[in-house]
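Please read through the structure below; I'll follow up with questions.
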Amino acid sequence: MFVVMRSEATEAEVIGVKGLILAEGLTPFERASAGRTTIALVGEIGRRRGELRAMLEAAPGVDTVTPISKPYKLVSREFQPEDTVIRVLDTAIGDGSLTVMAGPCSIESREQLMDTVDFVAAHGATIIRGGAFKPRSSPYSFQGLGVEGLRHLADARQRTGMPVVTEVMEPSQVDIVAEYADILQIGTRNMQNFSLLLACGRAGRPVMLKRGFGATIEEWLMAAEYIASAGNPQIILCERGIRTFETSTRNTLDLTAVPLVHHLTHLPVVVDPSHATGKRWLVKPMAIGGVAVGADGIMVEVHPRPDEALSDAEQQLDFEGFAQMMDAILAVHEHVKDLHGDLNRGPGAGRSDGSPATDPVATAPAAEPAS
Amino acid sequence: MFVVMRSEATEAEVIGVKGLILAEGLTPFERASAGRTTIALVGEIGRRRGELRAMLEAAPGVDTVTPISKPYKLVSREFQPEDTVIRVLDTAIGDGSLTVMAGPCSIESREQLMDTVDFVAAHGATIIRGGAFKPRSSPYSFQGLGVEGLRHLADARQRTGMPVVTEVMEPSQVDIVAEYADILQIGTRNMQNFSLLLACGRAGRPVMLKRGFGATIEEWLMAAEYIASAGNPQIILCERGIRTFETSTRNTLDLTAVPLVHHLTHLPVVVDPSHATGKRWLVKPMAIGGVAVGADGIMVEVHPRPDEALSDAEQQLDFEGFAQMMDAILAVHEHVKDLHGDLNRGPGAGRSDGSPATDPVATAPAAEPAS
Amino acid sequence: MFVVMRSEATEAEVIGVKGLILAEGLTPFERASAGRTTIALVGEIGRRRGELRAMLEAAPGVDTVTPISKPYKLVSREFQPEDTVIRVLDTAIGDGSLTVMAGPCSIESREQLMDTVDFVAAHGATIIRGGAFKPRSSPYSFQGLGVEGLRHLADARQRTGMPVVTEVMEPSQVDIVAEYADILQIGTRNMQNFSLLLACGRAGRPVMLKRGFGATIEEWLMAAEYIASAGNPQIILCERGIRTFETSTRNTLDLTAVPLVHHLTHLPVVVDPSHATGKRWLVKPMAIGGVAVGADGIMVEVHPRPDEALSDAEQQLDFEGFAQMMDAILAVHEHVKDLHGDLNRGPGAGRSDGSPATDPVATAPAAEPAS
Amino acid sequence: MFVVMRSEATEAEVIGVKGLILAEGLTPFERASAGRTTIALVGEIGRRRGELRAMLEAAPGVDTVTPISKPYKLVSREFQPEDTVIRVLDTAIGDGSLTVMAGPCSIESREQLMDTVDFVAAHGATIIRGGAFKPRSSPYSFQGLGVEGLRHLADARQRTGMPVVTEVMEPSQVDIVAEYADILQIGTRNMQNFSLLLACGRAGRPVMLKRGFGATIEEWLMAAEYIASAGNPQIILCERGIRTFETSTRNTLDLTAVPLVHHLTHLPVVVDPSHATGKRWLVKPMAIGGVAVGADGIMVEVHPRPDEALSDAEQQLDFEGFAQMMDAILAVHEHVKDLHGDLNRGPGAGRSDGSPATDPVATAPAAEPAS
């Protein structure tokens, strides 16, 4: 349920509504949307629905009170019709530009990272990726360089001016990773690690949430809701393939998820064709496909010498492959970007008046933390 | 295994090689490729492999004898590096143009079909689709107009000059459907109906083979091999979504299958976003995605009044939706078509010399029927 | 919807009700249940539901008119609460005894079949299985002995007195297979070959319908409804594993399907652990599991020398393995059979009064053929 | 790779071998098996394999050095042929007895827990289950009583003398949960939460590892290997259903996993039919099935008034349902337990001489912790 305040509502009236919500043991989340203040109330509402609605409709300054039909509330497009735009250093995700996250699967050495970063920076990447803490199926495989890897990442940011995204594997790592990285990545195996979701939600950094390879789209959005409910609306979704009976690719890339989540939520979504296909030569066509269906960006693994990589050797692009992919996706993005406005929002979603979107991240006050 | 004849081989030498193959109880299939005659031999080879190879290498006019590593032989790109191009009436599938198959899910009446056909013809469709015999989960649902529907299709072809594709459900229907239709469609539930595959393989018409919703890509290509082994190399593959745990779409569209089958076979592949998504508003973005990853065409369901449709009401486009989709995919195709040459063929596949492909259908003599 | 006649209803009244149904363009199917005549009406009912019900309730001899909530009607337990028992030669399926269908995957020679049949007959098998027409993924694999195989099967029946089940692959084969076999098998790849379902439904022989490896339980029961709607209520279901992401077994055996279909339908169900697991040493434990959850029988592949088999070499039992499995499952069946009465019927299903079931097949007049 | 010492090897020789292994940067894990000391060495072995083997074969007291073919080492039956038996308070898991873990999904109040515990204790349960920290798809659902719930569990143990199993959701919770609970449960969504696996591996308590609903059997055993590699060999596996396209049950219970993991590992495995089916009336038949295929135990949810439960209301048994299930599974276990010896071990596994198994947990010295 969310409250839309009148355009002339006073700050005191907004505070009054939030007080009423808190008094009911629920949490208010405030956004600015189309020049109005909207306040979502979340928590265990249960049978109080009718009663709450009547009480809020009667409060001073309130225009309308609207239920949210989906199980996810804060991340739903019903609550926030405008796209979320996430700004990190000099780049933005979700503003219509094409985000390209590129770098090695694992950071193996300072040289390997810097060589890669220099190349991808020169060829159009906008964000550096690289694994410092690595989730591996086997306890006996290379587990990443850890904090040393984080330091290399920070150096790479310094060198290029590009922001850095890297994976965090447990709540107690959140602080150290947030110290070095600009965006916290939650991996596919941890999509329903609820403690980690909440910890990242409290870290004050944008979070990239990969879809669980066995998770439905609804579960994915519920996982995003965990992050948002902890006070962090800056969430990037990442489709990276789901597990099916097909064995000729590592996973089955579910590109239909892109227009679907654009319709259901206001969050940006990027596509990871490296993990989805598991085959280097399929990365370029599927990156093109991702851009074509309206993804806000692409995440790919790049390595100076993929055959010597300590992890994911089969799927990392070499430099030439990355350059070729970039040429292709930049051209395709140029041609498809105007198709996206109405393309991915589905029936009844988005702005009916065609007015330019307010950037909700830039204008909204910080959301209330979940106590 | 296949034999490549010397460029100067005589017709008598070709006949001699085919005779040797027949004498071993195997079937020879002849193709022209890059100016040479190649002859595949298929059947139960088992342990005779080495012996056969030696015998054929010694035969007059033979240049090389090469094993085929895949379980599918005639449809593999190893045997035929050039793309298969299928020409029907005035259109071609697989020649780099964009095929658009459009029409109603079921033919419900003459008027419904003609209204639809007139509209899609005026907006860029190249082939008419429409169900006369309908496979339905329930015996109590509308089963199609049958032969009456076929007659309407033939009239629609007459009216527009466009070829017609329609489903055939059992071997005994092949003759009557082949009398009225230009392309025989084998539906997803019949992908491994081997009797039907063989019957269609003998019908002398191009066949469109939909992927089984529970079938791997390898099984799909083996099903195509059944058709080819019956003497018919004119096969169009159609990706229409596979069954997974995800419930927010009817099926999961496996767009990665497009570059994969382009790499593994020489057959054209079209994408059906209507059945894959089951939601009208997802058809356009996923049609764009299909074109972007290199599909040779798109198949969509269109109905004058989708909400009144006797089948698949949720997923059929209305006229305006079709027109919007066409605008989008024609523009995207224009921009991505030059990316396809090297894009979808994978490592080691396709022509290394960049020479223009010979059209194998136009120049090859009719393949030997399987006795 | 079905009509229950009064216990004192006359034959004329029954004929009258059937006439009313036929006059509406629907098909009546008659069963005797608990001493009363019940008549299902099936076809496209649509919006006439209320009207039809009122008309039938007013007809002479009618006691009650009840809707059927499921999309399958004739095979639903709502329509027929008593278990279907199928009697073939001297054996019965679904009467509480343990059916064991055993024999080679493919009939390779007369000797191979007779050796196997003699052994399994001496160790408790009740039905002979053996493939004469074989659906194979590859057109170049052994396709079965065809009619010669059918003749061997008929000889095996003659020799042992046991009935024979074998696969039929297309409508035009139904007559010849029905001439030699007692039970027609529809394979997993043909579960939604609707033409074949209808042809088997008209053949006057019991039909064993394997679950499609990509089919839901509801689709499986709808396929059974096709057979029943063609006039044949003698249907045996066979669970043989579904396709999932797990690769350590050939398929994933869905044993939960056994109590589910016992709850939803009145049809007997057997379990095929050979195809489900694809591994010989897993056949015995999973056959035990199938019997334990209440299956009416087990179907297994047995070969004198499995390693030399022309098909499914990995999964066929040798003679010793079969004998060990039989010892185990006969013992388990003895101990679990009394658990089945209430076990598999779920909430609200089955007979509330605990009265002994009438055998509907033995007492019911032949069902009306679908015209 | 593992070393089997000679039966007359001295303690000094054992220490010598372990020293050699440590000097190579690898970790030695010691077990007693059939009266001999065996020592596994794990870590990144890579290309040193041949060299290491030669060095160890030459060391004093060494009998044989054997490679382990599977990616999991310590949990493989190759390394430890005898079944692992886990003893907690007065009960044992994996010793041939039937373990029954029963209790509410969530602990909702002291009374609800004690009522349930008293009933299940009186009807044959051997271990108490109950959720204190609850992983919920929605951040707005009941999240469990937390530490208060743990205290109730400890009281329930006090009251009944039965051990307690409960879920731990993050590494920082391990200490507090291990303080109150006897067995730490890792839930399906955390199966590849590698930080949590390692933390539980170091906690000195037996761990029950649920299979991820999207995880293969091999990934499940690799997750167990993480726990073992941290020094904890006391692991119970729990099959609870996997995610497939079938929608009539919550998950698809993969009972074939039971004989498979018995063949591949020495760990006990229990079956959870509550979460697998999601339907109360299917719990009993599938519990029977689990026992029949050789599971070491069953885990079920029981609630005094399931319809009022705060979580999983559809699938919790009421008291009568639990009592009926117990009657059935105790009877079945009695009849099938002698079938298990050879049943579940597959080809080449287990003891060839039929000698009674040594209890490796009781006799083996504590495994080396991974430093």
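Here the chain labels run A, B, C and D in written order, and each chain numbers its own residues starting at 1.
Here is the rule we use: a contact is a pair of C-beta atoms (placed from the backbone, for glycine too) under 8 Å apart; a residue touches a chain by one contact, two chains touch by 3 or more.
From a predicted model like this one, the values you see are computed outputs, not experimental measurements.
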(message) Quick check for the class: compute each chain's Cα centroid; which one is farthest from the centroid of chain A?
(response) C
(message) I want to confirm something about chain B and chain C. Since they are copies of the same sequence, is their interface symmetric in residue numbering (over half shared, so same) or not (under half, so different)?
(response) same
(message) Between chain C and chain D, what distance separates the C-alpha centroids? Give it in angstrom.
(response) 38
(message) As a quick test, compute the distance in whole Å between the mean CA positions of chain A and chain C.
(response) 50
(message) Please tell me the distance, in whole Å, between the geometric centres of chain B and chain C computed from their C-alpha atoms.
(response) 35
(request) Check each residue of chain C and list the ones that touch at least two other chains. (result) 214, 243-245, 247
(message) For the complex, give me every residue of chain B touching chain A.
(response) 214, 216-218, 242, 244-249, 252-256, 258-260, 263, 276-277, 281-282, 284-286, 288-289, 291-294, 328, 331-332, 335-336, 339, 343-344, 346-347
(message) List the residues on chain A that touch chain D in their complex, please.
(response) 42-45, 71, 73, 135-142, 169-173, 189-190, 192-196, 198, 212-215, 219, 222, 225-226, 229-230, 243, 370
(message) If we count contacts the way the header does, which residues on chain D are in touch with chain B in the complex?
(response) 243-245, 247
